[in-house]
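All chains are identified by letter, namely A, B, C and D, in their written order; residue positions are counted from 1 within each chain.
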């Protein structure tokens, strides 16, 4: 019961985050090709964030699937994650508006890093309050490794942004692909 | 369980898409009839998109009804569809703002085409992972034909936009009516 | 199942409508009392619409409670209602922005009238496809009377707006109070 | 059933409130550190309101958990609470935009006070219509005390805002911490 409402609320917030981002793609007043092409960086940053938020939604989904009972610590760890996710439309908009310049790219990377840390905290909090089957515990450990690799890559991309933002963008792409590739371990472990 | 959350998330995103579009109808500062009538193209494009998004919601609804288990491929095909749907408020706004000029009408048609392709991919993905009753399979085949006809009509409307956008608008209307007329086949097949 | 999703989608759209209206109360750039008081008409129109949308949500809630199976006609009657409801943030904003002048007040009344007609169509569609207990049928008849009275009052308020918008506002208040007063008939009939 | 929909609707509205607030953090047109730091007050007011709305969501969650049947009085008390909550994005935006000046801070405190009163009314309405186990009644009494303390602190912060807004901000922080610390009484009482 309680868990259902936590899921529903998180789904609502994530659905709104993913959709209001599109409001940052301001409708141009001219009906010309150049006006449309001028939106390219805003569109690309929207696409990138859409993928990242989708990944979080999917992982969040799997993570909460393992939860039996919800307590205050889990609720607040979850709110903490939603807080950083809710700032993604802002950092996405700033990055797109300024055509992937150094500082906005660095801020975007920091935002992703904070989301990843918040997710890690939520996962740890849930694991502390639950005992899992051996298989599931193993699968979650593997995902934790992936999470750690992402944390490291985000830190690299923050530093890289000040030298060459293109490197950071490539790193964002690598992390996204790393997560989009389905994580069959947890799915399989949950089935058993 | 998993399916419920996929439906809930999709419903949330589609509900937000359909509603934030209304924010593109900017409140005029004067209380005059001419200020109100000036909004006519924006209103018409809103109405058109409201109908299209409603059709997608209804079809999505029926399509997911047939699903038993959700996997990563289905989740990502669904996200792909939601991505193109989420751009509809932008292309609607651009078309309305520029009074149905060539380029915005073409872009709107491209957006509808991409949504239709994404829907087709989602349907194919779901059919690959499920075995249906003979009747349901037949009903879905019929709907696929309708989908193919829509794809063709969207392509025609993209080209037509550069000659006369009115032709494209008529095509949009035809496609909308084609889908609004209830598709009793799937409903009946699901009942059995 | 199907009904659950129709309810969830409608709830989502109505929740978004009621909340994005607040975005029309633009944050003033000065921290003065006069800047705040200048928002009075916008705030009042927001309050009025919040009450009306709430009433629709409550009635919609009760109406769908009586539904057993959903078909295409019910889905489209529902979408039709949501369409007119989705325009309320616009007509509310226009009325507030222009301090309850004649034309915006008339448009607001027209919008409420169209919502009421759409609701009436939805109710009729549902009643056509269902057979109710005697008590429930009687309770719904009573509510229909209330609906008819509202329709009449909305038409009066449209005409009145061009003579004196204050009369229209008083009528809006009367209709709102008429509906806020709990309708125990349906509640009681549903219990049996 | 009815209760589920009340919860779902409230969740939807609260999820939207918490997320659209982020739209008040306007994306700056320059990619400079000073442009980013200029957003500090807007960010801080967003963080504060995010925490307050989260607290309301959590408490609302627990409160409705105790409800068995929903009637018109409960529905309207709930709408009343949602109304004041829905104004939080506005008062948050005004406070941030004007860097925590006297009047906006006072208005923010008034808004929090009205939310607290509305919550108190909702709780009283629910308690009037339900009989609780001794333990749960006791736990709710304790929470009522906390609510009363908050009401008092909000009133103090309204007055303090005109002398020194910093005092009000400290009070906001104290109230937030008071509520973030988990309220295990109700959780425990509900378990029994």
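One rule holds in what follows: a residue touches a chain if its C-beta (ideal position, glycine included) is under 8 Å from a C-beta of that chain, and two chains touch if they have at least 3 such contacts.
The shown structure was predicted, so the numbers you read here are calculated from the model rather than taken from an experiment.
Listed by label, the chains that touch subunit A and also subunit D number zero. Look at the contact of subunit C with subunit D and you find different residues on each copy: under half of the numbers used there are shared.
Taking CA atoms, the transformation carrying subunit A onto subunit B includes a rotation by 90°, reported to the nearest 5. Each chain gets one centre point, the mean of its Cα atoms, and the points for subunit B and subunit C are 26 Å apart. Taking each chain's centre as the average of its CA atoms, subunit B and subunit D sit 37 Å apart.
Counting partners per residue, subunit B has 8, 12, 16, 20, 23 as the residues that reach two or more other chains.
With chains as nodes and touching pairs as edges, the resulting graph is a single ring in which every chain has exactly two contacts. Only residues 7-8, 11-12, 14-16, 18-20, 22-23, 25, 27-33, 36, 47, 50, 54, 57-58, 61, 65, 180, 182-184, 187 of subunit D touch subunit A when the two sit together in their complex.
Note for the complex: subunit A touches subunit D at residues 1-2, 5, 8-9, 12-13, 16-17, 20, 23-24, 71-73, 75-76, 79, 82-83, 86-87, 89-90, 93-94, 97-98, 101-104, 107.
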